[in-house]
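Structures for review follow.
Two complexes come next, and they have one chain in common, chain A, joined by chain B in the first and chain C in the second.
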Partner chain A sequence: MTYSLEIKNLTKTYPQSDFRLDNVSFSIPRGTIMGFVGENGSGKTTTMNAVLNTIKKDNGTVKILGREMGDKDTDIREQVGVVFDAVNFSGILTPAKLAKVMAGVYKQWDQEFFLKTTARFNIEMGKKIKQFSRGMTMKLALAVALSHRPQLLILDEATAGLDPIVREEILGVFLEFVEDENHSILMSSHITSDLEKIADYITFIHHGKVILTEKKDHLIYDYGIARCKAEQFQLIDRTDMMAYKKRDYQIDVLVENRKAFERKYSGIVVDTGTIDEIMLLLIKGER
Partner chain B sequence: MDIIISSNTSKPIYEQITSQIKAMIMNGDLQTGDPIPSMRSLAKSIHVSVITVQKAYEDLQRDGFIETTVGRGSFVSAQNRDFMQEELQKKVEEHLNLAVETARTGGIKLEKMIELLTIFYTEE
Partner chain C sequence: MKGLLANNLYSMQENIKLSLYITLPMAFVPLLEASMISMIVAMQVFMFISNMGASLKMDETSGWNKWEITMPVSRKTIINAKYISFILLILMGLAVSLVTVVLLSLQNEFNDTLIFGYSYGLPLSISTAAIAYPLILKLGAEKSDTLLITAGGLSVGLQLLVWYLLHLSDSTITYRSPVVGQVSLAIALVMFVLSYFLSVRIHRNKEF
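Then we have the complex of A and B:
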């Protein structure tokens, strides 16, 4: 399998802080969408920054489209489209002027595609960016990221703060992007229902460590959450549980194979879990 | 071609895709050699992830309903419809057998089973 992005043992420490990225490893196969989830401050943005080489990593390797990116490798940069939570376009520019700037930055800048995409998003080309709503600004950022024709999109909370209608429209754009099987997306989002719709894989990160990377379908169809009474819980093999959380009247147990678990322990109710619930158990649960 | 995806059912999305395409082949809406959409364009159209559609197509291919050629896309494969019908009937018999055994152990009467079966078959 070829990968658009391969991260191996990525480590980053900060002198004045406890926070660190601790041997972060995961890969995105070409043509797929990776959802990247974790609490605030778990290391998602730091990982993305290290991938983009905007912060210096201490250790580990990051390969974009099979190559490591150094400070001078601007040709790889052209292949990566980026949308971050905070948009840093100058507010006094209009989209039309911004496009001129971008055309100077990116060799691959596709003006025709930019005009088509902004028209599709109903972006006013002559209006100053500071007068744009959040939704419009994010759509503009996405149009810019797509218009230098990248192969990999890196999106940090790109759909945060957007209404469901705009989000649905943007998800459609992402799926359209991966219609080309060489294209891939790494996207972090707290709106896990968006990831449940379009992501192929999910990576969970917690305190700077990757705790799980798994196919999304496997997570939502095969994984399960067993709802146990105290005496039922006593009978379960430790090896059959990934994590558990005691609540007032029941114990929730995360299991990897819902059907096998049901066969082995009859009488215990096993639900399918959402990404949110699975994340909660992986992070807050005991092991 | 219509494919309807419901998010309000326990049936996984890839199964919803396979069962609807199988039904279209069985009832003749899709004929041998007819093209079916590429995985990626179907994923885009119904707003689901690529791997979900990929799994559905792999299952359809394994069961002999479609063929995929690299670079050309996926097509309904040539097949003996009687054979497929027979296969499906065998499957139904297996499931019914299981239901009958369970019913016997639980002392559930034949009339009750027929009643249940009628409800299930006509509801969907």
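Then we have the complex of A and C:
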């Protein structure tokens, strides 16, 4: 299997801060979408910043399309499209001017594709970016990221604050992008329902540590949440539970193989879980 | 590089226009009072470079200064584009000041105060950019106004120091003597080059 992005033992600390990225490791196979989830301050943006060299890592390796990227490896950056959770561009530019800027930087800039994408997103080419809504700004950022024909998209909360219709539209674009099996996406998001729709893999990060990387379908269809009473919980072998959380009259237990668990512990109701529920149990649950 | 330069100029476009609206009418002032030409020329030359802070602030608030690192350019190229933009701003100031010179030449009222305008304004512009940019890069663009004023003040102080040191060796040298301007300009150019290398170094170590 070849990977678009391989992160191994990535470590980053900050002076005068307790936060640290602690040996973060995960890989994104080509042609797939990796959802990157975790609570605020868990290390998602720091990981992405370290991948993109906007911050310096302390240790570890990051390979993009099979190569480590230094400051001078501009050919690798040509292959990476980026959307941050911010305006990204100077507000007094118009999309038309922005396209001229990008054409002067990216060798692979595809003006025709940019015009087609901005038209598809109903972006006015002569309007100043500062007059755009957040949705329009994010669509413009996405159009820019796609128009230099990258192989890897890195999206930091690119759908945050957008209404469901715009989000749906953007998610459709992501799915089109990965139709090419050389294309991949790393996408952080708090809106896990978006990731349930499009991601192939999910990586959970908590307090700077990756706690799980798993195929999304495996999480949705094979993982389960057992709803136990206290006496039922006592009977469960600890090796069969990934995490558990006590609620008022019930204990929720995260299990890796729902069907096997049901066979072993008959009488315990096991539901499929959403990514949100699984994340909550992994992060807030006991082990 | 071409794209970065275009972005820098687009970002400063509105401030450049504003500077033009201010400095072009100023070109007519010496027609009424010829003795003001040195001050007018110095102000015209300096006015454009004083816009650098607004553009750097915009880069920071929009997140562009982080985003541009993800583009296929090295950090050195980003700094190259910035310094070329500063040179272009200074050249714009010089170009507008030439309008003043041309207008005054119609009245044939040249004197050595014109030279003083350039020998004061040009080193001031160059050394202000040289001092301010690395400081803004290090301390953040939100402090750019304060840092620009500080850099301007230091640049004036530097010229006074140059005059004082030259005056010690030759008491006939006054603050308006051409040699003060020439030495100040040479020092400002050296500072500009050193500032470039310092900025490259700061940017390479800066996290966004």
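Going forward, the second predicted complex is superposed on the first by the 287 of 287 C-alpha atoms of A that agree within 3 Å, B and C clash if a C-alpha of one lies under 4 Å from a C-alpha of the other, contacts with A are read in each partner's own complex, and residues count from 1 in each chain.
By our rule, a contact is a pair of C-beta atoms (placed from the backbone, for glycine too) under 8 Å apart; a residue touches a chain by one contact, two chains touch by 3 or more.
Predicted model, so just to flag it, every value in this text is computed and none were measured.
In the superposition on chain A, contact of A:Gly172 is made with chain B only, not with chain C.
By the touch criterion stated above, A:Ile198 is placed in contact with chain B alone, chain C being left untouched.
In the superposition on chain A, contact of A:Lys215 is made with chain B only, not with chain C.
In the superposition on chain A, A:Lys107 makes contact with chain C only, not with chain B. Note on chain A: of its two partners chain C and chain B, the one contacting more of its residues is C.
When the two complexes are superposed on chain A, none of the residues of chain A touches both chain B and chain C. Those residues of chain C that touch chain A in the shared complex are 1-7, 10-11, 13-14, 58-59, 62-64, 66-67, 69-76, 204-205, 207-208.
Residues 49, 52-56, 71-72, 74-75, 77-78, 80, 82, 84, 86-93, 97, 100-107, 154 of chain A are the ones touching chain C in the complex. The residues of chain A lying in touch with chain B in their complex are 31-33, 168, 171-172, 175-176, 178-181, 197-201, 215-217, 221, 272. Those residues of chain B whose C-beta lies close enough to touch chain A in the complex are 10, 12-14, 40-41, 43-44, 47-52, 55.
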